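Each chain carries a letter (A, B, C and D) given by its place in the written order, and its residues are counted from 1.
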Amino acid sequence: MTALLDVKGLHAAYGETKVLHGLDFAVQQGGVTALLGANGAGKTTTLRAICGMVRTQGAIVLGGKHIEGMATEDIVRLGVAHVPDGRGTFMELTVEENMRLGAYTRPAREATADFDRMFGYFPRLKERFRQQAGTLSGGEQQMLAISRALLLRPKLLLLDEPSFGLAPLIVKEIFGIMRRIKDEEGVSILLVEQNATIALAFADHAYLLETGRIVISGPASDISKDESIRRSYLGY
Amino acid sequence: MEGFIHQVISGIATGGIYASVALALVMIYQATHHVNFAQGEMATFSTYITLTLINIGLPYWVAFLGAVAISFVIGVAIERLLMRPVANAPVLTSVGVFVGLLLIVNSVTGWMFDYTIKQFPSPFSGKPMLGGFLSGHELGSTGVTLAVLISVYLFFKHTRLGLAMRAAAFNPVSSRLVGVRVGWMLALGWGLAAAIGSVAGCMVAPIVFLDPNMMSGILLYAFAGALLGGIDSPLGAVLGGFMVGVIENLGGAYVVGTELKLTLALIIIISVLTLKPSGLMGRKVYSRV
Amino acid sequence: MPAESDQPLLRITGVKMRFGGVVALGGVSFDVAHSQIRGLIGPNGSGKTTLFNCISGIYRFMEGDILFEGKSLANVPRHEMANVGLGRTFQNVALFRPLSVRDNILVGAHHMAKSGFIANALRLPGVRREDAAAQVRLDDLLDLLDLRSVQDIPAGSLPFGTQKRVEMARALIGAPKLLLLDEPAAGLNHSEVDELAELILQVRDHFKISVLLVEHHMSLVMRVSDKVVALEFGLKIADGTPDEVRAEPEVIRAYLGDSNTEAVH
Amino acid sequence: MRASWLIAILVLIAAIWPVATFSGYHLFQLTMVVVYAIAILGLAILTGINGQISLGHGAFYAIGAYTTAILMASWDVPYWVTLPVSAVVCAGVGFLVGLPALRLGGLYLALTTFALAVAIPQVLKHKAFETWTGGVQGLVIDKPEAPFDLPLTSDQWLYLFSLFVGVIMYALAVNLTQGRIGRAMRAVRDHAVAAEAMGINLAMLKTRTFAVSAMYTGVAGSLGAIAVAFVAPDSFSVFLSITFFVGLVAGGAASIGGTIIGAIFIEFVPNLADKVSKAAPGAVYGVILIVMMFLMPKGAGGFVADMWRKLVKAGGR
């Protein structure tokens, strides 16, 4: 396997507050990589850094091309879809319009055909197609956000805490569908999660972040046996 | 009774002008959360451009469309040059820049076209219509205004670009993440607002005559209309604009007299802001601090 | 005051809060004792910050009650909170950026003085007495929090860690009985978090006050708290000493996820 | 501390000196500088220090001017007695305007006060008040003579009188804005939620600040009416309010000393620019506003203060 995304020595800061202190990590072609860590460890910032949403230093290479310093819009057009924290729903627009925006960079006709595939994953979106997105439940908004990202036909999908604020049953449902999506869409995934158990069950490789640094990394199956996650999360 | 109906109908006719300017204000407000104090002055300038094009011999509608196009370009240019740098500045800064813009456009207008009051032609006949309730110009300008408002609505509702512009206004961060070039959407919004203002200017000039301060009162009514309808609702702004037109006409005729019409706008603004700040159709936002 | 010994400083009973249809707090209860450092933890979106805002009056809770020294805070206006005895800091720091460190801290003493517009404009003797009194407390805090060398610098231009100390000083100059800290460790690096932990303990001992610490930096919470309460989905899932709380299966599940997620495969 | 006293004394000497050297129109212009400085000071307290943006302070200036003019024209009240009356009236009106302003965020307040500025000439012209206001014609009042048979012309006396009032008003403003209340005003401007948590009653502070601000600008209006010896609705158009705003920004919104620079600016720049073309004053104002916003967000006053600080720092090394 070759690395689709290769990140070396990534630093990031909000104003004067430095959040990331030199991360090295990779996402393999067709693989799922998880970034774990307690709140405030810098997971969300890492995703934002990849998308050019914060000031960074270091190398971010996507499919052999350096993307650091590029505008978010241009990075997106290279095939990076980002489901941001808080899901980034266009609350005032309808579900349909949200999905059309997902396919904004592609010809309209192609997009409409893709809508049906999304309904295949998330039938509930079809029922809610004409509704204002702000009226959706949290779980439905997460489904919409994932669909919106997939409609870009991305090479790399960045998922920021898809379990956030959702009841365990819905989390399970969404991750079940994500597994199908991964196989059927042929997309590589970088997943940020606080829920370590579910993330490690889904990912094949994982990194654990602590205050802006990677403390351990390895195959997900190894990491899930490691005590340091528990320590890191529960503050021993 | 007939007098009353007459006041209502001609209120609707002027209300259309307010509705257009209110829509222009709301478009910029939605995208940037700034109120363009120079909107009226920009529209006046556009009207002078139309007059200049007519005076060099172009047919009315060619001059009209030419001015709309030029205004669009000016709007885009202003956004790129002046507004971009203060996009995230404090309110005082943005108010300063907008008031500065108002003064500059006003002075440039006076300097280029002098301060004498000028007649402005109407493309419509001046004969009374609809049984004498409306002049031909009032009827025609209401038609033009409605045509503009409907096309703006269709543009935003049914085109890809319109959708992207709305998305950029509502949620710039998410818009970037789906590949929308948010900066250009804002510039387009400014262009459109300037173009709409230019139409409003051309429609009102035959009635109030053209001078560099032609729109200063109209801007106030448009503010009132935008607030009445809800400053974040384009549809609300349009309805608010029409309502203010009617209120102004009725109030002027039966309540406060014509001398205090502008004060009426102030009263509407204060009443809306204190009694129902979100306006009639504005969004209610649940804020989680 | 006989009541003081048997009654906690802060008592939260069955507090509920909804936003639209979303239940942010579903009836939370716990106490903060005198001179106690109380940790409040929970995953993202568990309701910590909502509860914090209910205590400080930013939100008005819908059911239940919050008692401070036995008196309900339900209808206390926000600007009275400081007078009642609540001091607070803010998530991401909320300083008056252009003002000097000194002035920032002095604003925290606003509620302890009474002089109005006219007295200030005329600089009546009472105003000078108030200023002198505030100055004494200011001097004390500048030393305690090591801010003397930056006292004339605009707060907004200081490093983040220093700004947090300024904010702490601003809360403390008002002589609160309960100090509410909203994610004080956010944005700090390892060594700064260590210093913060020392500072929190020092402040408690120096001023003999209680501290309610809302924080997701677990090692900080576990290190300084006497007792910790954990929330998830707006409900209390654990309450006890740091060791008890992190051994609690519900807490482990809330943080690390359900160990029974093999179904995903 | 001693340096600022020294500066104050030097400024005062410099301010009194023109009485001996200038006469007639030039002295009148300087009187207007003092008047405008007080007006802008009022705006600075509200907008610069407390963060409540007003684009309509011309309205309070007009109310002050008319209060004085009506008292003098209709009831022969001595000019100096009208000042405290005007102060009370304007503070009251300011307080009332400040009440709805509480519910308006920065931008909406700017908008509403802008509307107030546009509307005020219409109200002043209105027939209902014509017996007092003189309608469109306005009111002519007598120019005061120097008292106690002082050997001063009317212009000289007026200048000294305005200066006297101005010095008192500045001294009070400095005290007010540098103490506990001034800190609270700034705190509310910079972070209202935090200010409230520190025990500041936002509603009370903001309405009272509004009253003080309106009082200052209103007293300036009274002095202006006495100096010009005439009031008419069209002198109080929206352009006057914008002029004050320009003066505020030019001097530096939160700088008390900057208000004097702003006043000099709005008194002399239009006169100079007018010689170029009728459009020039507006254009200069507009350009100044935008340039200030881009380059010197703290205004000339803030710029000078920063330079001063750097000088002191460099000298101290």
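As a working rule, a contact is a pair of C-beta atoms (placed from the backbone, for glycine too) under 8 Å apart; a residue touches a chain by one contact, two chains touch by 3 or more.
None of these values were measured; they are calculated from a predicted model.
Undergrad: Using the touch definition up top, find the fewest steps from chain A to chain D.
TA: Steps on the shortest route: 2.
Undergrad: Which chain's centre, taken as the mean of its Cα atoms, is farthest from the centre of chain A?
TA: D
Undergrad: What chain pair has the highest count of contacting C-beta pairs?
TA: Highest contact count belongs to chains B-D.
Undergrad: From the C-alpha centre of chain C to that of chain D, how far is it in Å?
TA: That pair's centroid distance is 42 Å.
Undergrad: I'd like the Å distance between the centres of chain B and chain C, where a centre is the mean of that chain's Cα atoms.
TA: 48
Undergrad: Can you compute the centre-to-centre distance for chain B and chain D, using the mean CA position of each chain? Integer Å is fine.
TA: 32
Undergrad: If a residue has to touch 2 or more other chains to count, which residues of chain D qualify?
TA: Those would be 193.
Undergrad: Of all the residues in chain C, which ones touch at least 2 other chains?
TA: As it turns out, chain C has residues touching two or more other chains at 58.
Undergrad: Give every residue of chain A touching chain B within the complex, in rising order.
TA: It comes out as residues 51, 53, 71-73, 76-77, 81-82, 84, 88-93, 97, 100-102, 104-105, 108, 148, 152.
Undergrad: Could you list, by residue number, the parts of chain C that touch chain A in their complex?
TA: Against chain A, the touching part of chain C is residues 43-45, 159-160, 183, 185-187, 189-190, 193, 216-223, 233, 246, 251-252, 255-259, 261-265.
Undergrad: Within the complex, which stretch of chain D touches chain B?
TA: Interface residues on the chain D side: 47, 51, 53, 55, 100, 103-108, 110-112, 114-116, 118-119, 122-123, 125-127, 193, 238, 242, 245-246, 249, 253, 277-283, 285-290, 292-294, 297.
Undergrad: Please name which positions on chain C make contact with chain D in the complex.
TA: Against chain D, chain C makes touches at 56, 58, 77-83, 88, 90, 94-99, 103, 106-108, 110-113, 115-117, 120-123, 127, 130-131, 170, 174.
Undergrad: So in the complex, which bits of chain B are touching chain A?
TA: So the residues of chain B touching chain A come out as 160, 163-164, 166-167, 170-171, 173-182, 283.
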